[in-house]
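Chain IDs A, B, C, D, E, F and G follow the sequence of writing; residue 1 opens each chain.
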């Protein structure tokens, strides 16, 4: 079991970090504004996965004391990262919505989404 | 009983992979959306199965919400493809 | 054991769809791919015993973010390289 | 092993096999309409059977299970219908074995002339 | 006690939720209510300052749970000083922009005042809160209202500036989350005082890395050197008063956050050197870039970044004198830079690109505004009878006490550069002839009141610096007394 | 909400529609909560009443007369017929998918229906979509356009007999 | 060239991140005296709330939730300001032509159930996963479904503003009631009831209902604004 947990350790953290890096790569190198926003939202997803993974506890169950199977509720995963991620997801959505509205307005003015054609201020 | 669940999960994973391949290959937007739809359906059944495995009744809520919102997402994409949006 | 395989597959598909979302030139497909990413991410959250977060991710990640991206694409352009606008006809057939 | 468990197990197996067949269908079929045919039917029945199987295994959950089943059975055909209509409007590729049989074309041509 | 710190957040939010309702019935209420709320916040902070001076730090518990469990707000001499400064500036910005742009429609103007109020609220929240995740939430509030305010004008470039700001802000917020999670995974708590107490238990490597992530995240708002790419554009494109609000309020809150991290949460002193290095680079880069600018607001923006660098240097000195100098600088910079933004935006009013050459000969047409701008320019350079002189003196003596000769030399040299570009503008105002035929816009009464009150403060502090030095002394002592902070928060008898 | 799709109806049917939908939503609520605890029921009764009251203009599909025993019997019959057709269709799909040569002959055919209510048409369309080899593409007035995976005939009447007759008979008795 | 620089710096960042988090470890708990156990026990014994995440989000760290609601409010405000233009023909229709009969009838029957599902999710926030945000999102997507299928379906802007403002005022005033009667903001003022019953947890249920309405109104407003952006 230790070994499997070790695999999961590398896999989950690795994929969370990879998601972040992919998102950052897209946000930094892509030319299309919508692609940049998409990259930012993928970056957010990666961070959220990272936070949940930190709160996970081996053999734990969800932090909800529902009736029925009380024997499983001795070990519970950490509820705090979950609460924080809840907040972070909603905030991330707010930022994405604002970003997309900015993109729409930029398109209205410049009639293009390509960042190298919009760039009037120094980037 | 456990083996049956393992078997179902394995088959679901294979189904997920097949629809992912269809998503990758395309060729049209409809195919990709169909792949998304199928994945949502598989996901709902997978979540129900997972909630049975963990023996937590409350996880069923997730399946319900997941199904509803996946459906709405597909309708939105279909309406966009119709050029009605 | 099956948990491990399930989780690994989901993670792999997740990464693949993220790469696809960044790599794809057609923004609509990229957005659908990010929706699929959220779909798998939500199942991974469930496996990590976070049903609240899974629900939120399903609600906000799968539905709302995808929808608002699609509306944004509707209001702007569908392709990353706008010079390929003629591609619309060839790719969607 | 009660009778419910045996039934539930059988339903699980059948359901997951149909889910797989649905995916195989959307993988193998030649055009988007046929894929929709295969995908919708098989994955709907597959999901319904799987979920009902779980409902039989855990009888206390049955009401919610029924709601989920009803919902899937209700929404899946609607979404595939919407997709099919959209793809036909987009003039997606249609596979015909012999000659072209397309009764819907007339409506679209009428629409286009009206516009 | 007259009120409690929680009202700083609760009342503005209540007002923000009420405003859309009242706006349907009485249209002017969307302008009046934010002003009343900001004034209320200012008086609340003054009265709480009086209480704090007598009875010591107030720790407000939220939701009835004591600190390690719940969130708490800390109103100490230090945070109280910043709160007073911010709410005062917020009120002044509101006063200045009360009649701003009459031609703007009802809906955008409602949004403008609401966003301004929430910007101030968010900054006050950053300063008051005693919990790092709560700080993250407030930073996001500030950022989003910042994005909205930046793109207030529907001109071409404002959306671009806002997008740039958003891009950096979004990446920064993910870094902040990572840093918070590293700390949480090691210590199991989110309360700043609790973290500070448990910090020695943490692995050294993780400590350093989490601090780096924190600085990377907060540095975006605090305009430290490699992360301040958004600042000049935002200052240029945002409405004039919003530039003042950014320079005076948001950046102060961000500097507070980084200072709180380094002085209270982390227990190693290497961070102080980091502060000095970052500050020096920011200072030098910004001031030399400001010299080359041809647009007035952009020049002011770079000058503002440079001043922030100076503040970082002063905090990096680490002694009580250094902190005192830093606080004095923050106070002066908030007042003077707001004055410069206010008067400067009237000097180049209605010009499309707002070049420096547009101020030519404005001394004859707008005498009061020009005089106020001149006062601000002299003060920020540090000429003797004005407020800026005392803060520059304080930082130089603090550096001298620590025998940092190089630092003194650099500050003096760069100050001369600063003097050059400010005096260039003053020179143009008075000794050049006006070329454009367009009539300059006269400031309205409320704007004039706002500017003159700022100018009077600059002059009064310049002649009587003792008026403020007592408060600054207490605030500096409070910041440096880490044990007291932890004791105040954790041993709370409610 | 001014719309030509929401038909104006008289007060009596409105009342009866309201109660029908109350009952319907209450059943959905029971499904959601999966419990018969008095508190849940209390909240559910109030909430569903509120929603069906506010959405009175949305519910035009059916009223209390749906609960007539004959109709209920027909609904059950429909469900049985439908399930049989669903299983048949799945076996059909399985046969087609698994055979290596893909035995399909697709085409789009049309036929007319006697159903008048939109909701009944929707149910018919859904049933057609889920039954062997057919997929509804569009409904224009009372003409159905069906994608048929194995086109046996292009004649509308024959197609109707082949595809939709068994459902329509029962649906006509229900609505 | 830019891509190479980006890749190198991302590689460094990724290396350090992997290093940190593999060191932290998966499935193990590092701290011994953290607040986790306090939250679990207090939620079970004092508040009688079975969903600990809800207890944290609404009560222990309720201030965060207030901030979060404010963020959404700000987002919808800022979005309205950003997309504002002097338009004469705003909000006449959301889609160009209606969807097919099937989708229309389907959406009509589904819409009340979706709203009911949203209400279920935020009423049961303290018993099962979910809460105000999720429920609000579900209701907003239900409205979106109607907006997309019917051409003439419109949401009254004023009604949205009423809902949004009243729900927000309800939230803050519950907090202020706690402040004036018990001495601290957002403190529970109602009896907590028994565990795993619907009426339990004191003000948590009420706050989540307020949050649900507010989020639903805000998200519907956001979608509506963006959807009607194009002329």
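Convention: contacts are C-beta pairs under 8 Å (C-beta built on N, C-alpha and C of every residue); 3 or more make two chains touch, one makes a residue touch a chain.
In this text the structure is predicted, and so the values were computed from the model without any measurement.
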Which chains are shared contacts of chain A and chain B? C, G
If you average the Cα atoms per chain, which one ends up farthest from chain A? F
CA centroids of chain A and chain E: separation to the nearest Å works out as 30
Centroid from C-alpha atoms only, then distance chain A to chain C, rounded to Å. What do you get? 12
Need the CA-centroid distance for the pair chain F / chain G, whole Å please. 33
What parts of chain A, by residue number, touch at least two of the other chains? 8, 12, 18, 20, 24-25, 50, 53-54, 56, 61-62, 64, 66, 80, 82, 86-87, 90-91, 93-95, 97-98, 100, 102-105
Multi-partner residues in chain C (2 or more other chains touched) are 49, 51-52, 54-56, 59-60, 63-64, 67-68, 71-75, 92-93
Multi-chain touching residues of chain E, meaning two or more other chains, are 133, 137, 140, 144, 147-148, 151, 154, 159, 162, 178, 185, 190
Mind listing the chain F positions that touch chain D in their complex? 28, 30-32, 34, 86-87, 89-90, 93-94, 96-98, 102, 104-110, 122, 125-126, 129-130, 133-138, 140, 145, 147, 149, 151, 154
Can you check the complex and tell me which residues of chain G touch chain B? 95-99, 103, 107, 114, 117, 121, 127-130, 134, 138, 141-142, 144-145, 148-149, 227
Which part of chain F faces chain G closely enough to touch in the complex? 1-5, 21, 25, 28-29, 32-33, 37, 39-40, 43, 47-48, 51-52, 55, 58-61, 118-119, 121-122, 125-126, 136, 138-139
Over in the complex, which chain A residues touch chain B? Could you list them? 61-62, 64, 66, 68-69, 72
Quick one: which bits of chain B touch chain C in the complex? Just the residue numbers, please. 6, 9-10, 13, 16-17, 20, 23-24, 26-29, 32-33, 35-36, 39-40, 43, 46-47, 50, 54, 56, 58-59, 61-62, 65-66, 69-70, 72-73, 76-77, 80, 85
